[in-house]
Each structure stands twice: as C-alpha cells, then as structure tokens.
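The same chain A turns up in both complexes below, where it pairs with chain B and then with chain C.
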Partner chain A sequence: MYIASVIVTVCANIISVIGLALLTGYTGMFSLGHAGFMAIGAYGAVLLNRYYAVPYFLALISGGVMAAFVSVIIGYPTLRNKLRGDYFAICMLGFGTVVRLILNNLNNPVINGALGLPGIPKLTSLWSALFIMAILVYFMWNFVNSQYGKNCVAVQQQEVAAEMMGVSLVKTKLLSLVISAFYCGVAGGVLGFWLQYIAPASFSDTRSNDFLATLVTGGTNSITGPFLAAILLTTMLEYLRFLVNWRLVVYGLLYILVMRFRPEGIMGYKEFSLKKTILFFKEFPQNMGKLKGKWVGFWESRNRN
Partner chain B sequence: MTIIQQMITSVSVGGLYAVLAVGYALIYSVFDFTNFAFGGIMMVSAFSGYFVSNAGFGTIASMIAAIVTGILVSIAVELLAYRPMRKKNAKRLFLMISAMGVNIFLTNLYLSLFGANLRTLPSGFKANTISIMNVQIGTVDIAAFLTSMVALGILTFFLYKTRSGITVRASATDISTAGLMGINVNKVSLIVFIISGTTAAIAGMFFGMKYTVYPGMGAMSTKAFIASVIGGLGSLQGAVLGGFLLGIMETLVAGYISATYRDLFSFGIMIVVLMFMPNGLVGRGDQSKL
Partner chain C sequence: MTSSEKILEVNDLVIRFGGLTAIDGVNMHINKGEFVGLIGPNGAGKTTFFNSITGNVTPSEGSISFNGESLLKKSPDVISHMGISRTFQNIRIFPKMTVLENVSLPMHSKPSYNFFSAMLGLPSVKKADKIIQEKAMDFLHRLGIAEYKDYEAGTLPYGLQRRLEIARALAADLSLLLLDEPAAGMNNDECNELVELLQGIHEDFDISIMLIEHHIDVVLNLCSRIYVLNLGQLLAEGPPHEIQSNPDVIRAYLGERREGR
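So, the complex of A and B:
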C-alpha cells in the first residue's frame, strides 16, 4: 500500500513536471506558480465530482480544462506584444500565491477555506494513475516531436529568428502554457482523488519549487530527463522526509550548481534510449577507451595552455 | 485625519518600494535579467541589522552592518553565480533560474538556522510617533521616507554626474559596445551589484523596523518588481514612480477595502498595466534604458 502511494505520487509529479518541461524546457519560459494550476485542477475535479457526480476521468479532464482556461486569462496579457519573459515569470510567481490566497479566504461551505476538502472518494487507483501518466507522456512525446514542438524550440533558441520564419511567438508561447497548465490540472486531480483530502496548503510554493528543481536536474529540451528525475527525486524525498526545510536549501544550491556547471541538466538535449544504453554497455571497452582518449586530450590541451 | 495618516504611511512605504525597484531596474537595465536573489539579499541584511542591534549597538551601527552585509552578499552572488555564467554566454532563462536558486537557498537557509518566528527590530528613535496638528506620524515612516529620498538623490547624482556613473549608463545602453569602447565591464558589474546590495539593505532595515524581520520577508521584493513593471522595466524614473504609486494604492486598499486581498490587488494592477500599457507608465519600449 505504501509503495502504491509512492508510485501514485511519482505519477502525479511526472505529469506536472512533463507539463512544465514543455513550457520551461522547450519554450524557455520560467514559471514558479504551477502549483496554482494544480490547485485549480484538483478543486475543479473534486467539486465537479462531488456536486454534479461527474465521473472520474471526465472530472480530471474538466479540472485540467479549467486550469488551462485560467492560464489563458493570466497568460494572454503577459505574453502578447513580445513582452520579455520576466513579466511572465513574476506573474506566475504571483499567480500561485494569489490562488492560495483566494482559496484560503473563501470560507463558504463549498470551498471551505483553509480547512480544505475532506472526505473525497478514493477514485484514483494505482493502475489508473499509471494509465493516465502513460497516455499523457505519450501525447507530450508526440507533441514535442511534431511541428508545434519544433516551433517551441525555435522560440526558445532565437525569438527573432523564429518570428522571421513565420512562427507566431504569442501563439506558440500561449499554446505551451495552456498545455502545461492542463497537465498540472490533471495531476492535481489525480493526487486529490488519491489522498482523499486537499487543502490550499498542499499547493504551496514549495511544490512549484519541487517541479522546477526536478525539471532543472532532469534537463531542458528533453522528456525522458525530467521523467527520470521525477522518479528519482520523488522516491528520494520519501526517504529524506526528516530534512523538511533543508531540502529547499539543497534545491536552491542545486539550481545554482546545475546552472553554473551543466545548464542543460542531466539529459540536456538528449533523450534516454534503451537501445543506445544497451549498445553503450556492449561496446563498453571501446567506449571507455574513447572516454579515456577524450580526457587525455582534455588534460593535454589544458597543460599546453 | 485618518486619510492624512494613511497617505503618510503610503508615501513612506512607496519610498522603500522605489528604492528596491531602483535596485531591480539597475541590474535589469545593465545585464538584461531579473535578479530574483534581491529578496534574499534584503532579508539577509535585515537579519544582520537585527543581530547587531540585539547585541546592544545603536541604529546607525546596525544600519551600517546591514549595508555591509547587503553589499558583500550581493557581490558574492555576482562573482560566484552570475559572472561565470555570463562568461559562458548563458541564456537569460538560466541566469533567472540561478537567481531564483540563490533566493530559495538564502531564504530556507535562514529559515532552517533561525526559525520562522517574527523578530522585532527596535527602531532606535526616542518617540514612536510625533504629532503635528493632531496627526500622529510614525518616526520610522519619516526616517524611511527621508532616507529613501536621500539614497535616490545620491544615486541620481552618481549616475548622471560622475565618471563611473556614466560608464554604468553606457553599459546599460549596450554592454558589449561599452566593453569595446574601453569600459571595464567587470568593474561596472561590481558597481551595479554594490548599489543594488545597498538599496536592498536600506529597504530591508526599514521594512524590519516598520514591520518585523523574518526569513520570508524577501517576498516583499516581488512588490518592488511589480513597481518597476508598472513604471516601465529598466527605467529609473519609472521605478521611482511605480514604487510610490504602488505604495499609495496598497495602503489605501488595505485601509479601505480589504487587507487580505492586498496582494491580489497589486498583481491585478500589474496585469491591467501590462494589458493596456505593455511598456509601463514611462517606459518607451525595449530601448528605454536608465
């Protein structure tokens, strides 16, 4: 049961981190407020299910759609007119706070203020979580490798050049924001129906930070990188619960160090592939030789200078 | 009479926002990225001020300690995190993530070391309020307003009348051309980070005196960013104007509408400004610098 709980948490984290990977990793926009979309998705799905008896999958999708809708409202004014990404970053930072603020202070019986919503039916099972995660990752994989995904990378690399080639900056940015918001919304729903209890405090800035840290370690311009990092960091956190606040200290350092020494992350610009890994180990001796040659060359060139 | 008191509070808060916003605007205009570490630096220097004043030294000593800390941390961040990345021509996104990392690191380090409790920073003035014609005015408010005005004055003089200030402004227009013209860009970056550390420390001290000192107080600097966006990102006049406007609006909203939704209101204002005046109130597009 405990393992199942860890796996479902990993699934929810993978879904939201993959969503964020499109926005930050591919399109190159920085967000620290995606926990807000998660909150909207979770509250939307749970409330629809509670008051309108919307079935599980439909509730999840509607929660995601609500998050996506809100993202258009927040995204359009900040992304249009070739505005700098900074406006967007700060808007998202505020957005996460504001969502929590509003949920905390709506003291009516429906939202229930800071106390949150208890007694949610346990509709997420281990298999449904895995299933939803697999489908969403599959969709994202296809999206990223499609023309739209290439547009996103173009916008990230060189905005002006991308626009010259006929890529609409606003459309591309908005599209990736909407999709990432949808993913986070769905992840919120999955988590809500599993934990059976949601409160504004569960969608704090710490969670947004978790997402970004996972993404940054996993690598930008990659789906498998963040995917693996999400599995790694989430399971690791289960065993490091006693670290509570120090975890964030480590995250801060992690951001700085990764950006300083390997800004592209573990898997930056590469995808994990089973075939290549097997091939790598099959030809391990030669590869080691190549690696050694590289290092020797590196040292020689260093000493020469 | 309350409205006059409200206005005085709002002007003093606005002055502090303006000082902070100038610190943001300066780094933004020279290096073209948002220094999210600003809030962390402000918090760290307020804490130093608190420790020194707790050790029995006066307000002036704690102010100096705060400013020194602000400058040191600011330079350390620049030398350890930003400069190596700029050398590698890192993308702005990476610089921004790194800056956010510094902020998260500092905030949570202090949270883990000293706990989340609120500490009061004694203001060190004999009377808490003075009354002029039946209006009670906080001495901290007056001191904050005067200090921020003096700081802004000195900064303006420095930027427009001295040689080093002119190099900073030249770098703000185009840092690589400025480098080609023989300006020492590394020196400019040190100057800019010293100034921004000082502004962070001044604002941190006065926010600490007016409210409290706690690890999360860096969140206040988000307001300063909003202020500089309202005024026009990267422009100093805009930052000052935006700071005062935001301070006044926030105090009025907290006083007459709802204190809970004050933050909602500030973000709302920013979104409305971005909707109708994407370059802020005095900004003139991407080219407006300093």
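So, the complex of A and C:
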C-alpha cells in the first residue's frame, strides 16, 4: 500500500504541475498560489460527495470546474488591467493565502475551520488516479500542440508582436489560467479522496512553491519535462525520508545544480522522445565524446577566469 | 491599381507622452493600393505614428479611420483582424518557435475550432492545422525562406529574420501593410533585393503599403507619394521628385546654412 500511496501522490502532483506548465511554461505567467485552486477543488469535490452524494468522477470534475470558475473571478480583473510578471505572481500568492485563511476561519460544521474534513470515503484507487492522470496529460498534450497552444507560446515569447498579429492577450491568458486552475482542482479532489482527510494547512504556499520548482526543474515549454520532474522529485521525497530534515537540503542542492547547468530545465523547450533516446545510446561513444568535449570546454573556461 | 478611395485616413492626430508632444497635428491618408513612404530624421515620431495606427499608443486628440471605421479605442488584436499588419523596427519574431510556426501564427490567432476539440485532438483539428501549415509554406516560398522552415527562428541570420517578419505580416489577412525600416542594417545589394521583393509583394497581394525607411534610395524607388515628418509635425508631402528638391526637407535633414556665409 505504501507504493500505491507514493504513486497516487505522484499522479496528483503530475496533474497540478502539468496544469501549471500551461500557465507558466507555455503562456509565461508565474503563479505562486495554485495550491489555492487545489484547495477549492478538494473541498468542492469532497463536500459535493458528502452532502449531495455526487459520484466520484462527477465530484472531481465539479471540483475542477469550481476552481476554474474562481480563477475567472480572480483572473479577469488582473489580466484585463495588464498585470504581468512579478505582479501577477504576487497577486496569485495573495489569492492562495486568502483561500487558505478563509477556509481556516470558517468554523461552521460544514467547512470545520482549521480542523479540516476528516472521514472522507476512500474513493480514489491506484488505477483511477493513474487513469485520470493519463487522460489529463493526453488532453494537455493535444492542447499545447493545437492552435491555442501555439498562441500561448507566442504570447510568452513576444507579447507585443503576438497581440499585433491578432492574438487576444486577455483571452489567451485567461484560458490558460482557467485550464490550469481546473487541473489543480481535479488534483486536489484526487488527493482528498485518497488521503481521506483534508485541512487548510495541506494547501499552504509551500505546495504552490513546490509546483513551481518542479515545473522549472522539468523545463518550461515542455510537457514531458515537468512530467518527469514531478515523478523524480516526488519519489525522491519519499526515498530520502531517512535523511529527515536534511532531504530539503538535497532539494535545494538539486535546484541550484539545475539552475547552474541547465537553466532552461531538464527538458526545456524540448519534448522527451523515445526515438532520439534510442538513437543517443546507439551512437553512445560519439555522444560521450561530445559531452566530454563540453565538460573540458567548461572547465577550461572556468580556469581561464 | 491606385484608386482615389481612401483606405486609411488620419486627421489632426496629436500624441503626447506627459509633457512631450511626439505627434503634433498630423493629417495623412493612404489610398487603396498605394505605396506611401514616411521619412524623417530620428525622433521625428514615425514609429509612434505606426504605433498609434496599430493601437499600441492611444492618441491624445484626433481621429484615425480605416475603411471608414474608427480605430480609436480598439485593441491591437482587433485592429489586426480588421486587416492592418506590420513589421517592427527592432525585429520581433518568436525566437524559440520554428520559422513555420512563426508564419502560421497570424492565421490561427483566432483558432478555427473550440478548445474542447483541441484537447480531444479530433481529426478536424489536425486537418485545420494542416491547411494552415500549407498556406504558411506558400508564404515561405514567396519570401524565399522555405528551406529554413524547421529552424528555430531566433537562430536565423539577421537578413532572413527580416524576411520572416515580412512573411509573418503577410500571413495575416491584410489590406494595409506597415513596414518599419525593413532595410535597416542592409548593404546596397541587399537593399536592391528588398526593393524588388517589396515591389513584387505590392503587385501580387494587391495591398496598400506604408514604408518607414532611412535608405532614401529604397523609398524613392518604391513609393509613389512620400510624407516627411519632423519633430512630430508634417513637413512636406508629395511625389518623390518634389520631396527631393523641397528646401524644407533639405533643411531638416542637413541643417541650415548660417547667415553671412
């Protein structure tokens, strides 16, 4: 059961990070508050299931839709007024905190304040989590390779030109925010129905930061990069448990190394392709030679300085 | 090809940035199918003028109308869909996208399918994408950069990036093309090539073009009418030979002879 638990956590993280990948990686808007959407999705799905007996899949989708709806309320005014870059990120940070604090302070029997919601039925199974993750990743893959996805990339790369070529900035940005909020909401529901307990504290800013860190490590403008990074970082967190608090140091070190040697992330602007990987290993000797050349060049340039 | 029907009309345009008046009461028009030049010393307000047409800068006073419809208070993407397209003085391609994706973009800036079908990856979506790619290839062939279609746009040399920008501007369904210094940084041979290219485009696509350029040969070869801006004001207007001999224009470019010499 321990392995299953790790896999379900990985799935939930993949769903949220892939959602964030559209907003941050493709459209180029940083968010520090996506845990807020996750909280809305989780609470929404669980409460619908508890009080209206909404079935599992429908509850997850409704939770996602609620998160998406809230993202329109927060997104439309901010994006219409052309908040971008750091300002947008901080706005989302505020949003995430506000959601958590509201949940924390609603001490009625439904929300139950800081104590959270215990006794949630265990509706998420290993297979349903894997299935939902696979479907959502497949949808996102189609989306980023469609005309919509290309418009997002254009906005990220050269906003002025994209707008002048007819891309509506507000629409494009809002759509990617809504979709990413939906993904995070669904991830919250999946996690809630697995852990059987949710509380406002499980959706803290740390979680938002983890999403962003995972995404940047995996690489922007890529689906497979964040996908692999989410698997790597989440499982690492489990396998490094024997280090207790020192595992966070390992994390910090990993981030520093990635930023120093591959600032564009593990995959960065590229997708993982099995064909190319096989080709790489077929021509292993030459490729190793190239890599060695790069390293030698790197060390020589360092020593010169 | 040139008719007297006005495609763009600008009346008493004033643009102020705080205390600075960048454009000061300019009247201008472009007829259908005309090739108009806009010249002037640095800082005359040429690019600001373009920016006000495309909706990046909001005019303080005056009116701009395109095919009889006012462009004021419209956002750049709306104006683009009305049929105005442009290139930029400092190249603004999408550097990490491929050449083909760059040129495809204006054609799908309003996607032809809804995002549910995009997520499901329906066959109709693939078909629509393919049609756009084929159209984009036509533009690449026309501009002679088809062989670079899979290159990352940012890795192309400067001259080809300029061509790519023109191709991208043409790919938008346009009737007025604004070119902001397309020959900047080009030598004489390259300029001649560009003149030929632009002449061909003007004839083939049946569009009106307004050109900002410092290479005076390029302007004189291409334009049937030239406007001269200086310090935000319209200094002169007329066919090339008149502009060449206009004393005001010569004074603005070369400075005045001092008294007593």
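Operating definition for what follows: the second predicted complex is superposed on the first by the 262 of 305 C-alpha atoms of A that agree within 3 Å, B and C clash if a C-alpha of one lies under 4 Å from a C-alpha of the other, contacts with A are read in each partner's own complex, and residues count from 1 in each chain.
FYI, contacts are C-beta pairs under 8 Å (C-beta built on N, C-alpha and C of every residue); 3 or more make two chains touch, one makes a residue touch a chain.
Because the structure is predicted, anything quoted here is derived from the model rather than measured.
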Contacts of A:Val249 with chain B and chain C, given as first, second, both or neither: first
Which superposed partner A:Pro263 touches (first chain B, second chain C, both, neither): first
Touched partner set for A:Leu175, first chain B, second chain C, both or neither: second
Which of chain B and chain C A:Gly28 touches, first, second, both or neither: first
Partner chain in contact with A:Val167 - chain B first, chain C second, else both or neither: second
Chain B versus chain C, judged by how many residues of chain A each one touches: B
First (chain B), second (chain C), both or neither touched by A:Phe143: second
First, second, both or neither for A:Gln158, with chain B first and chain C second: second
Chain B versus chain C as contact partner of A:Leu93, first or second or both or neither: first
Overlap of chain C and chain B interfaces on chain A (superposed complexes): none
List of chain A residues in touch with chain B within their complex: 24, 28-30, 32, 74, 77-78, 80-81, 83-87, 89-91, 93-95, 97-98, 101-102, 105, 156, 209, 212, 216, 245-246, 248-249, 251-256, 259-260, 263
Complex contact set, residues of chain A against chain C: 138-140, 142-143, 146-151, 153-154, 157-158, 160-169, 175, 179, 221, 269
Chain A-facing residues of chain B, complex: 28, 33-34, 80-81, 84-85, 88, 90-98, 100-109, 111-112, 222, 225-226, 229, 233, 260-261, 263-264, 266-267, 270-271, 274-275, 278
For the chain C and chain A complex, residues of the former touching the latter: 54, 56, 75-77, 80-81, 85-86, 88, 92-97, 101, 104-106, 108-113, 115, 118-121, 125, 128-129, 132, 168, 172
